[in-house]
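Order of writing sets the labels: A, B, C and D. Residues in every chain begin at 1.
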Amino acid sequence: QDACLATAEDLHLSDAQLADVAERELTFGFLTNNISDDFSRTLVAGGEAYAEEIGVELIVNNADFDANTQLSQFDALLQRQVDGIFLTAVDASSIGQAVNRANRDDVPVFIVGGAPARGDVIAVMNASSYQGSFDAGSAMMDAIGEANAQVAILGIPFALQTIRDREKGILDAVGASGGQVISMQSDFSQDRLLELATNVIQANPDLKGIFATWSLAVNAATEAVEQSGRDIVIAGYDSEVPGYVELASGDTNIVALSGQQAALQGRAAIEGLAQSILRAELCDEIITPNLLVTADNFEESWSIQYPGAEQPW
Amino acid sequence: MNQSAAKLLRDLMPYLGLILLIGYFSLSSEFFLNARNFERLATDSATLMLVAFGMTLVILIGEIDLSVSAVVGLLSVILAQIMVAGMAWPVAMVLVILISVGIGTLNGAITVYGQIPSFIVTLGMLAIATGLAFVFTGAISVAILQYDFLDLFYSEQIFGLPIPLVIVALAFVACLLTLNRTRFGRELFAVGANMEAARLSGVPVKQRKVAVFAIMGLLVGLGAILSAARLGNGAPGSSPTLTLDAIAAVIIGGASLFGGWASVLRTLLGALLIAVLNNGMVLMNVNIDAQYIVKGVIILFAVVLERLASGVRT
Amino acid sequence: MTRAQLANYGIFLAFALVVIGMMIASPAFRAPENLIAIGRQVAVLGIASFAMTFVILAGEIDLSVGAVASAAGVVTAMALAAGFGPWAILIGVGVGAGFGLMNGLLTVYAAVPSFIATLVSFFIAQGVALTLTGGRTILFDADWFRDLFATGSVFGLRSAFLWLLFAFLALWWLLSRTRFGGHVYAIGGSQPSSRMLGLAVDRIKILIFTMAGALMGLVGMILISRIGNARSDGAVGLEFDAIAAVVIGGTALGGGTGSLVRSLIGVMLIGVLNNGLAILNVDFNAQQVIKGVLVIAVVLLDRWARGLKGASA
Amino acid sequence: MTSTPRLSLHGITKRFPGVIALDDVSFDVRAGEVHAFMGENGAGKSTLMKIGAGIHRPDEGFIEVEGQRVGLSTPSDATALGIHTVFQELTVLPNLDVGQNIMIGQEPMQAGIWLDRGALYSKAQAILDRLDIKLDARTPIGSLSAGQRQMVEIARACGETPKVLVLDEPTSSLGRQEEELLFALVDRLRADGVGIVYITHRMSEVFRLADRITVLRDGKHVVTGDAKDFTREKLIAAMVGRAVDEKRSGVHVADLPVALRVDGLSRGTAVRDVSLDVHVGEVLGVAGLMGAGRTELARLMAGVDRRDAGSMTLFGEPFSPNTVADAIEAGVAYLPEDRKTQGLVLSLSVADNIALPNLGSLSQSGWLSMAKLKAMAKEWSGKLGIRAASPDVAADTLSGGNQQKVAIAKWLAIAPKVILLDEPTRGVDVGAKSEIYTLIRDLSAQGTAVMVISSELPEVLQISDRIAVMAQGRVAGVVSAADATEESLLELAFTEQSPDHEVAA
């Protein structure tokens, strides 16, 4: 184990490796499960910027949360004879068949979202979904500060591995502090999530907290709580622009958001594939730690999470 | 000579959009035009093709099936779960197909005997199947570890052809012959165009409609098996766009949404257009945001060409 | 009530049964604030369904509804953020109407079936919204705007609900109290006959699509006002829900028969089910199953009532 | 009378893909005349009038209204100039009510923006009353018979007195009383100075109504002249290009075996306790007023509808068809009265239409023989003289009369033992009519039992051996055709009007 590269920093390429990469004129495929949130965009931007810097061509595609589409795109990339494929899986276990084919073609695959059911990937890169969500959840329970507090979870109706890890994280956090989850509701659309959050607040007069498992749910929960005028605290997974603006306003019910380091992951994606082609050994799992973004540290977190981006508040 | 060239051109007109698109991709990408890519295209779009063939029959008789993508999800989950529980894959496949035919027949029976639009019945079925698939799995896809099953569909070949392609080809020929060379098929055209006249001509309209939904069930079942084998698991919500793509393939093929005319061959071309477009855009590295616009414009272009051609024909 | 009268009210009866069931099951459901909240929550779906009613009555279909509303919302938010002030409203409605006009022109003059024409618009609107936002959430700071379209209230009624009310009354008048409305039914009844009778079939269709587009502009603005941000996927899936509401209400796909009041019932039914099941904390997946069964049951009851009329005639 | 014509069409040529529908045809109609427009099925009558109505654009030629050259590019251009047309294919909108149909396009408004529904119905009702049409303006169209729908159509065209009124086969679905109503109306409008174009295949109407007659054949103008200068034979010769034998065929003695026996058949109030015999080799005519229950009776006999009571035997065996397929299986065929909605699948080809009830015999364990199908289409197109570019064209491109022949052909092709024909010559020209009569004769001579429902008394008298007259759902009497006259049939048709008979059963 100690021979393998274990962190995003470990993946950095040396000057000699960079020269080697430039000479090989590599093309990588870069598949995202969707492209309409800040995380994916930042991930793609991070990857694109670094690929450009080191002279790798990047083919970016988006699956719109459709596992079948992602598989077709994966196959098309194999057809295109790319030198490596990075993907944020819609459903990690659904990509196994294609990974198996990539193995046969000797194309390295680097994946976010869990190991596929079949085939070998060079490594699984993970934000600490479980830990991030556990930490944010614990912060929420601390802020509520009472035993038996009722909380609700607002989520995405989906078989994403990361969402399941997030759910597990929050359930453990609530359990550890003696609270109880009284409602779990999900939807895709921000507007419907707002509706769900409003309904849950309406139905449960003793509700003390809402945990939002993804960015749109954070936005919806914030708005619903604000409109209800009730004293309900919010924690969530994903810290994106609306969340930062909310934290920056100085008057917010959000206690903590778990932020992924998308730009770092984007760069690491390219580096990991390049390392593998250069025959370096990657550890099975490469964790990029999450940030716990709060009203106290948001400026600092912003510059880590979205390096170089203008502050939206 | 000249006349036959003109006739050839006229006959090809409806397919011009697809032909031009394939020509363009072939010239622009060295990776597009080869047997391996077409093999992949065919296997990747096998489920879409099967469902689109079934949808052709359903739309022909003036009905619709909105439940397919959810039912494919549910069936793949059931397939995976019974295989995990230890059932041999051939038995599991037969069982899943039976369930699927049952669901199709149920859709048809409620539509026909409850006299409510198939739109509503299958909308209800969509919600029910989605819910059940998630309830059964707790939203966690169920991996299929019987590799002989997976490899049968996605590694092995018959006569040098991948098995999904063979299944699609057989289904295509069967649907084509059914529609054009059997009593049943001819009757469907009449049922779709004028139900009352068909009834007064001795066509058992209700049975025919239920039968079409049952056939749809059969094709959806096959599609679900291929989808599960391709993904290597039973996954709820794995193909959210399947229904719309299948309907779009039928309509791009020139059928009326309200029944009376449809053609399996044209549907095949409609589905191919969608599949080729998705594949070609990846190969050509089209910008992710622009892909939507490109897709819209090319579908429009292909359909306008097709309509111009039908204008010429009448 | 005679049997023939009952026949026309089957859907209302079925709706009433669902409402009564919910009221018995949940005190939170029958709280006045909740009933008011339902009105507000169905505003978006309601207006979209009213627009869809016109389109379907005329024998056409509009799949672009959700994407156009999203695009209009995004453009409006950007205009607001860029300081266009009240002009942003015009721009938003204009974007919607522009897409609607395109739908109409393609359907009428290019002889493309509206299914395809509006599918094309769907793709283009989605592409435009994604390109404009770069997939990110657009924030805007205009409380007057949010008050105007969603959050403000008059006599305790939120403006989103008032827009719904206003749209319903105006469109009801248009459909059942003007010549134009009568001709919409005529076209749906028989397009060839309407042409032979000298009705301006083409112009009416273009108008219907354009009007539907303009209403999607309004929907887009209500959406962004409710949540306070704009996203390229803001109204994802709205077209499908709207068509479903219209058809559940009893308006026939294919045109010619149906009414706005029926669509309103369809919308309310969906709104009540969404709200009620969430308030009862029913498991999200079980909700789907229950909704599916109830929708079929409600429509069966409606048809059964209509059958009574047939039997007594 | 010899003033400028109200409407004149000059040198009109119109081509459809594969057909020249009109070849340099001129036609005019003056104020205060009825100009009958005659010709075989497919001669081009409807096409010419559609050009006058702004529906088709002529390829050559031009149009004048009251001496002014006009361009008619839409139907509303024509109505704006006072040219109103009752089209052969009904254009009533089935999802609206009577009033809305009559007032469509000219709905009364309040303050320019509100539809004045009260005024709409009162105006529509006023029109109906003025024309003596006994209908409530608020009745939905769906509940009306074909004849009533036709009257709605006429009411719409006559709503505000037109300058030119074109009636394209207006009586084809009318009952006797409605016909009389229409004739009176035509007389009244003529007196008011309206120029009326009257298209029909019925000789009696022409001589009853027309001032002038124009005959068209194969899209070419044949003759125009004063009605009084024509005889029946001359007119037929002009239309057909030869003489047609119209003689009444020899009457059979009805001393033949019974093919289909109907005993106490009832359904609701439409058919009440009907008993009838149809014999092998005879033609049984069924006469009656509109709504007398003839169609309903035939539908019960053919397995289309379920009966409430009664029984049937076919050649002595119990016959109780639950579906049309059962009836076909047993050799009983039923030609419905409305070819557009019931008789044909208009979007399918002629060949497919003919094949539809015959798919069983054209296929072997489900597999269709395309060769047999084509041969069948060819055979019957030839036998009935169906004018179509080929059996593969869609039925809706055929003229009305030819469509009717296709509808008959598909039933003849099953080689039925009993055939029930509901208005078999509706919209069919004289030539074809006599061909259909011959066909019916031949069928019965070959041993097929034939029942013909017809609203045209001369037709019933001409082709039947016996005639059953229905009134209010009951058989009012069965008479031998040889002894019957139009008057005696009518008398029977009007019996049982009093409600006392309702309890008789």
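List of remarks:
In the analysis below, a residue touches a chain if its C-beta (ideal position, glycine included) is under 8 Å from a C-beta of that chain, and two chains touch if they have at least 3 such contacts.
All values derive from a computational prediction rather than experimental measurement.
Rounded to a whole number, the gap between the C-alpha centres of chain A and chain D is 72 angstrom. In terms of their C-alpha centroids, the spacing between chain A and chain B amounts to 34 Å. Chain C and chain D have Cα centroids lying 44 Å from one another. In chain C, 130, 134-135, 283-285 are the positions where the chain touches two or more neighbouring chains simultaneously.
Residue positions 134, 139, 288-289, 291 of chain B are each in touch with at least two other chains. In chain A, the residues that reach two or more other chains under the touch definition are 35, 157.
Shown here, the protein chains touch in an arrangement that is not a line, ring, star or fully connected set. Chain pairs that touch one another are A-B, A-C, B-C, B-D, C-D.
Remark: chain C residues 59, 61, 106, 110-113, 115-117, 119-124, 126-128, 130-131, 134-135, 244, 247-248, 252-254, 283-293, 295-296, 299-300, 303, 307 touch chain B in the complex.
Listed in rising order, the residues of chain D touching chain B in the complex are 17, 304, 323-325, 327-328, 334, 336, 341-348, 352, 355-357, 359-360, 362-363, 366-368, 370, 410. In the complex of the two chains, the chain B residues touching chain A come out as 29, 31, 36-37, 40, 44-45, 47, 134, 137, 139-141, 143-145, 147, 150, 154, 227, 229-233, 235-242, 275, 278-279, 282-283, 285, 288-289, 291. Interface of chain D with chain C (complex): residues 53-55, 74-76, 78-79, 87, 90-96, 100, 104-105, 107, 109, 113-115, 117, 143. Contact residues of chain A toward chain B in the complex are 35, 59-62, 64-69, 71-73, 75-81, 91, 93-97, 116-118, 157-159, 164.
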